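Letters are used for the chains, namely A, B, C, D and E, taken in the order the chains are written, and counting of residues starts over at 1 for each.
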Amino acid sequence: MEKYLEILNYTIYGAAILLLLIGLYGALTKKSLIKIVLGLSIMDSGVHLLMISIGYLKNGTAPIFSPGHENELAKMVDPVPQALVLTAIVIGFGVTAVALALVIRLYKHHNTLRIDEIKNLKW
Amino acid sequence: MESLLMNILGAVTTFLLAFAVGMTYGGLRRKIVARVQNRYGPPFYQNFIDAFKLYSKSTAIHHGAMHFLGPAFIMVSSVVSLMFIPVLTNNQWFPNLNFQGDLIFLIYIMVFGPLGMALGAGQTGNPNSAIGVTRGLSQMVGFEIPWVMALIALMVQYKTTSITGLLDIQVQSGHWFMFENPFAFSAAILASLGMFRYSPFDIVGAPTELASGPMSENGGKFLFVMMSSGSVFAFVKLTLIVDLFMGGASNLIILVIKTFLLYMIPVTYGIVSPRYRTEQSITYFWGWPLFFGLIAIIYAVFF
Amino acid sequence: MVGTPVLFIVIPLLAAFIIPLTGMVWKNSVRIIPGLVLSYMLALSVSLMWHITETGTVVEVIAGWKPPIGINLVFSPFSGFLATLMIFLGLLVWAYSYKFKRNVDSEPALKYFILLMLLVTGSVGIVLTGDIFNMFVFIEIVGISGYGLTSFYTRRDSAEAAFKYLFMGSIASTFLLLAIMIIYSQLGTLNIAEIADKMPMMSNKLKVISLIFFILAIGIEAEIFPLNGWAPDVYTQAPGPIGAAFAGIVVKSAIYASVRLVYTMFDLSGALDLFIVIGLITFIVAETTALRQERLKRMLAYSSIGQMGLVMVAFGIGTKEGIFAALFLIFNHAIIKSLLFFSGSYLVYNKKNKFIKHVNGMGKYLPITSILFTIGAFAIIGLPPFAGFWSKLAILTAAADSKMLMLIAIILTVSILEAVYYLRVINRIYFFPKKKSTEAKKPTLNALIVMISLGIIIMVIGFYPDLITGIIDRAATDLMDKTGYIKDILTINN
Amino acid sequence: MKKAIILISLTILGVYLIDIFTGIGFGTQHFASGVKDAYLIGSKETLKVSNVVTSIVVNFRGFDTLGEVTVLFLASMALGGILYKKRHDVGERSVLFPSTRIVMSGAKLLFPSIVLLGAYVFIHGHLSPGGGFQGGTIIATGFLLMLITYRNYSVSHNRLSYVESFAGILFIGLGLAGYFINNSFLANIFPAGKLNDLFSGGVIGIIYVAVGFKVAAELTGIIYTVLHEKD
Amino acid sequence: MDIINIILVIFFAGALITAFAAKISSIVQDILFIGTILATSIIFFLNINTNTETIINLSHINLTLGLTPLSLYFAFIVFGLAVLAGFYAVGQMQGKKKKGYFYFNYLLSIAAMFGILVSKDLVSFFIFWEIMTWSSYLLVIYNGENVQKTGIKYFVLSAIGAYSMLMAIVIIHSLTGSFLISDLISGFNNMSANMQILIPVLLLTGFGVKAALMPLHIWAPDAYSNAPMSYTAIFSGALSKMGIYGMVIVFLTLITKLPQETLIRDIIAWLGAITAAISTLWAIKQDDAKRLLAYSSIGQLGYIVVGVAIGTPLAMLAGLFLAFMHGVFKSTLFMVVGAIEKQTGTSNLKEVTGLIRKMPWTFIAALISIIALAGIPPLGGFVGKWMLYESLITSNHYLLVTLVFFSSTAAFLYCYKFLFGFFLGQEEKEWSHVKEAPAIMVVPMLILSLISVVLGSFPQLILKPINSALSYYSLPDTYNNLWKESMIFNKWGDQVALTPIVYGVAIVFIVFAVFLFFKNRKTSRYVTTKDISTSGEVPKEHENLTFKENFFQPFLRAVEPAMKRQMDKYMLAFAKGLEDLFDFTRRIYNGNGQTYAIYAIIFVIILLLLSNNLFS
């Protein structure tokens, strides 16, 4: 029983990695530009999840010295990955916004969303 | 001063002798060829008569400077090469310059003539001259190779490039190189067939149908100079072979005998052979003669 | 001293926020202010370069927290050299594009110049920062300004190029984050110096895997072989000077990052060999591909990729001579390739497809531009007495000193191909008849000044390389000195 | 074929990743000594900011945040460049179907409270979970709601620019103030105050407010630009 | 400032100023051009000093410049030809476009050649070598015809040579720690056996390209014929000698220390001889005089290489002497072609004909040079040839000497073709308007042909400098051993005496010339070449009497097998194959962004799978 719980501990890693792989799979195989952008976003989310879970501490608390919890320093989860994820999310948002704008441009220019038909630049 | 005078006198004498012998041999050849072909033929002194006639003609037209200089070039070639060949062994009467030039020099000065003639012929503007010249030069490239190889074989074998040196070795040892290195001799003889330009290698002048070749625009004194140069040149070639392969000659009679015998080789070969086209003659020279030359060099190096 | 390193980042950002406001009042300010900012940065970096020759590396902390805790900026001879080079190029790009067709309009000009300025800032940030996550942020700044600049011309296929770039860039950032997190999870720090210091504590497996993820992420920006599909498209579709900016600024910063990783952070010996292999493959593939290009800018792009491969090779040699050669090559490539992009875009100015054949006969109509292009081409081929020769000699000497004879042979063989395709273009410029349909566009004065000054730099360095070799030499020494770097940062008392 | 290769590659990648992360371990302390402890202590003792994440984001790693803000700024800049048109080309906003009266009234009702919530979130960023980014995003959703509900609702571009720029200038200005006063960019120049007070943490709260404004303005601008694309 | 620096500075400054002086006036440009060359030559010749060294200090490399006796000898060739060809060039470039471009590159390549000669370290040697390469490249493509093919071919081959040289240079640096040539020579003995082979081979490849040695010669015909003739005179006369210069140094200093000495010498000598033979055959086939001379140049360089490679004192003497002679007569011939091309507009032997009376001075120059080229006594060419043959025979290279002999005999064919094609034969109406070239072009040619004549009887004029050059590299004193009062000796003591030969030839020639010419000049009249007897018939006006087509067809038919295989074609096919391959490989970039992403993933997978091997 203990062993299975051990594995359960890693489900969050597993989920994050699965998310990453799903996103990557989508980005690499789907033909539609929108789906590719979606895949990239999912992949980003997977990584963010992974980052957050690295900082997790069993039975830890949020890294906030809210009144009454001023001295729970040792129990606090690692705040650094959270701060980093905040930055990464915003950056991911910016990239996604630009990507979608590009998709709009591409659709207007090529009249298609299929990535294998947008090949004016090659060789 | 005296020796210089003697030298000049000797040189003039040599020239006259060569001229006479060459002319006579030419005449004899005409006679022999005619007899073989069942004709009567001209007398052996016919060439002298022709020469005299040509000499006495006055020149009415010319085609420019090179037309004049061409024959002079030929003459330079034959006379200078004559000067560098020991006509007789150990003879004071034919003091020549041979100690100052060696075989390589001789090879080069001997090709000077054809080139000069070619230039003279070129300016006349006669297409036949030019055609003849191109054939002649091509053929020359053909026979020079075995010829040079034969000479190289000799030079290598006896470690000298001097004609006198080679001659002296033969005289002192008493062995003719003709037997010492028979392959070299064969190559040289076969190459000399081409040098004489008798049939089957007479496509240069093509005497029977074109009456032309390099000389076609030359008459009178031009032709005289060319003719005499040809005779001298024939003598030069014969004497050279005699010197190199047959131990030279200690007096004039031996020289005449040896050269005449040698001369008969191209003449008789010519009588029985039909004419080759230019490329045929080139490939001919690059066949057996070249092979002999090669063997000669190998022989000279290893034996 | 005009300031401290942090101003390299802060001043342009401040300007970027101010420019939209001033732009509403005075239209020309959107074009002028970025130039002023870049000039200030140049002055700052030059004065700092001067300063560090006396005092040694300048380390600046931010928010008053000492290095392992706070973020720090390092202006060492090595990073300073690269930063100065980038800022200088940025200034040239600015000057060159000052009067660009689309930039006369205030609205696009605003975007163009802010993006350009931040592209330079981001690259400088990558080079200066001493924190690995901060580096990630700057890489993203560079990336997004790159996407924006690439798709700046709306009528071309620029969106396609930008999308490819973005696609690869996203993958890069994902793996970069993964790598950063792996390191953080093991060492609990993000400071490069401290990571380097603590690196032996990490298990070999994790080290290797994080290094691989780093190489993937940074390799995409550094255009190494299988990861550089986006690069030629971007170079082709971006506005002409931006191609130069990519070749001269962005890629250099990525190279810096990868070098910093391998030389300072990781202590893996095989990494340098990997550098050589990857660099060599990149070099060969790019140069052979460039040989058969039909479009000028694409050719220049592949050439640029190839040169970067060569830089990687030089870094991979691993000796001080190798680093010297690599830095020299970086310098030369930045100068020369910018000149080629600048003059090349005028040679094919009015044509949509920018085929190489469009340069036919331009020698007569654009004499100065053509001569400058020729100088650039000769220099990049490595013909003396132009600047490129010295770097080529340096890299070959370095390789020979390390007994890598095959490497020399391959580099030289491929260099012949390089010569071939450049000379084909030059022959076309001078000796092919001009087609009637192609119109020659005379370069504007500012562009001409920029190009001529680049040409003069190439010639001067070619005749007297000592002007630059001293600085490069110091930079190379600095990079080799890993313990010095760690000590400089971790024992700062500010 | 292609898919098979991708699947195999991804499987290998997945195996490696799982291998790594199980090796790293979950929910445990991974490293002996890291900057984390310094942050926790520094936040509590020096900065007097109870939300450690905020103190990291704004102060310890404030430089990252500056970059982050720049990224957003750049994204909106790039977006404007990518979708740039002349003024008269700006199209009608694309709305799938006109909103009903209920939606309209509801939106009007909700909008102020959304904005208020956003403002609350970024003002209390240093005390409770949340902060400038979160608050800014919440505000932007309010604008999004208005924009998709009302066909003719418009936001002044210039006004957005003002907000964006001033917020940015405020951020950098505060940082520069630290640079000139305390010799270090972003250094705290105001008294730190008391833990868990609204006016604690010195410049951190102010900067986060600026960030909130900036993010709100930028996101709104991005939404606005994209919504005005004709299809 | 040192003399060498001054000369180089004058060159570079002169080149730049001349290039842009066209804005002022064309004549000013000419004057500046000539002035630069004259100034440098005068300064050089007034300040010859083989003992000084100039060192240019760079932080990591010291460039050392200084004269050696060997370089002094080659500098004679370079400066002499530069001055004469310079005057000629002014005449030839009259009224042409791109004059500044031409002058600039001309001066630069002269400067580069000078630089090569004064370089005492390998880096400056290479720098000047490359400057020479690209300046000559720019002149090769000057005409704008076939630039992509000819120019690129020239450059690629040059690059192959230069880069193998560069490789050798950096290897030398890694082994000896210095770029100085003297350090290479002294440190050569300590190198490993592999390096001892590799370095000379790489260097010889580099020099072999410029010397147009067999597998590397394919650039030469096109390049020589494409450049303006006033430059080709330099190109073939002086620039190709830079390769010889390098070879001489390599053979004298490096090869002699090798255990495999004879093997390498034989290989190079055979390559040289084969080059000579094959290119002679090709020269015979050419109908364009430029190409004919180009192939001829390759052949002549082949002889020189043979001489240098064999490396006995006499052979070295022969090689260097021939190098000088080749510079003299081949540049004259190229100038002749240039003059004819300027006056008639073509250099095709099939078209131009019968110019002897229109351009007599040009003809005289051509005749003398052709005789010198053919190696016929008593002109200078013979001296060199004689020494070459003797050295080959006395050093046991019998087959080699046969091959060399074959090619020099076959050379008569193209010599004749050249003279006949331009000057002799029918005088067609088409060319009746042609005038003699301007004096500024003719005089340099005549001066050069005079030099060939003089050297035929007084070779000691340059045998002495050669001797001091060779003894600088510690070869036995050739001047006193092999030369005595107008006689040259070979190892066996056989000799040729030049002065008696010259006198003899001159006397005989004059006698018969007087006999024929002066006696008959008055009495006979000149008739045109139309007035001839064709087997007794008088040719009609419209009849074609010009013999031009298939000039040496019979000979060419005989040697056809040897000419079937052409290195050029193989190399071009190879290049084509490479380009097709690259065209195929560039399809890696297939334009699909997704594929690039897949590459990235595969890249990382490969690295992951290999990680155990990579970072062990």
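Note that contacts are C-beta pairs under 8 Å (C-beta built on N, C-alpha and C of every residue); 3 or more make two chains touch, one makes a residue touch a chain.
Fair warning: this is a prediction, and the values are worked out from it, not measured in the lab.
Engineer: Which chains sit in contact with both members of the pair subunit A and subunit D?
Structural biologist: C, E
Engineer: When every step has to jump to a touching chain, what is the lowest number of steps that links subunit B to subunit D?
Structural biologist: 2
Engineer: Which is the least count of steps on a path of touching chains running from subunit C to subunit E?
Structural biologist: 1
Engineer: Sort out for me whether A-C or A-E is joined by the greater number of C-beta contact pairs.
Structural biologist: More contacting C-beta pairs are found at A-C.
Engineer: Farthest chain from subunit B, going by the mean of C-alpha atoms per chain?
Structural biologist: D
Engineer: Distance from the CA centroid of subunit C to that of subunit D, rounded to the nearest Å?
Structural biologist: Their C-alpha centroids are separated by 30 Å.
Engineer: Can you compute the centre-to-centre distance for subunit B and subunit C, using the mean CA position of each chain? Integer Å is fine.
Structural biologist: 79
Engineer: So what's the Cα centroid distance for subunit B and subunit E, whole Å?
Structural biologist: 36
Engineer: Where the CA atoms of subunit D average out and where those of subunit E average out, how many Å apart are those spots?
Structural biologist: From the centre of subunit D to the centre of subunit E is 74 Å.
Engineer: What are the residues of subunit E that contact at least two other chains?
Structural biologist: Expected reply: 586, 589, 593-594, 597-598, 601-602, 604, 608.
Engineer: Show the residues in subunit D shared as contacts by 2 or more other chains, in ascending order.
Structural biologist: Within subunit D, the residues that touch at least two other chains are 2, 6, 10, 13, 16-17, 24, 30, 34-36, 39, 61, 64, 67-68, 71, 74-75, 78-79, 82.
Engineer: Counting only residues that touch at least 2 other chains, which ones in subunit A make the list?
Structural biologist: 20, 24, 27-29, 36, 50, 54, 80, 84, 87, 91, 94-95, 98, 102, 105, 118, 120-121, 123
Engineer: Mind listing each pair of touching chains for me?
Structural biologist: Final set of chain pairs in contact is A-C, A-D, A-E, B-E, C-D, C-E, D-E.
Engineer: Would you pull the subunit D residues touching subunit E in the complex into a rising list?
Structural biologist: For subunit D paired with subunit E, touching residues are 2, 5-6, 9-10, 12-13, 16.
Engineer: Where on subunit A is subunit E touching in the complex?
Structural biologist: Per the stated touch rule, the residues are 24, 27-29, 36, 115-116, 118-123.
Engineer: Where on subunit C is subunit D touching in the complex?
Structural biologist: Residues in contact with subunit D: 6, 9-10, 13-14, 16-18, 20-21, 24, 60-65, 68-71, 107-108, 111-112, 114-115, 118, 125, 131, 133-134, 137-138, 140-141, 144-145, 147-149, 151-152, 154, 159, 162, 178, 182, 184-191, 203, 205-206, 209, 494.
Engineer: So in the complex, which bits of subunit E are touching subunit A?
Structural biologist: 586-587, 589-594, 597-598, 601
Engineer: Can you tell me which positions in subunit A touch subunit D when the two form their complex?
Structural biologist: 9-10, 12-14, 17-18, 20-21, 24-25, 28-29, 50, 53-54, 56-58, 60, 62-67, 70, 73, 76, 78-80, 82-84, 86-87, 89-91, 93-95, 97-98, 100-102, 104-105, 107
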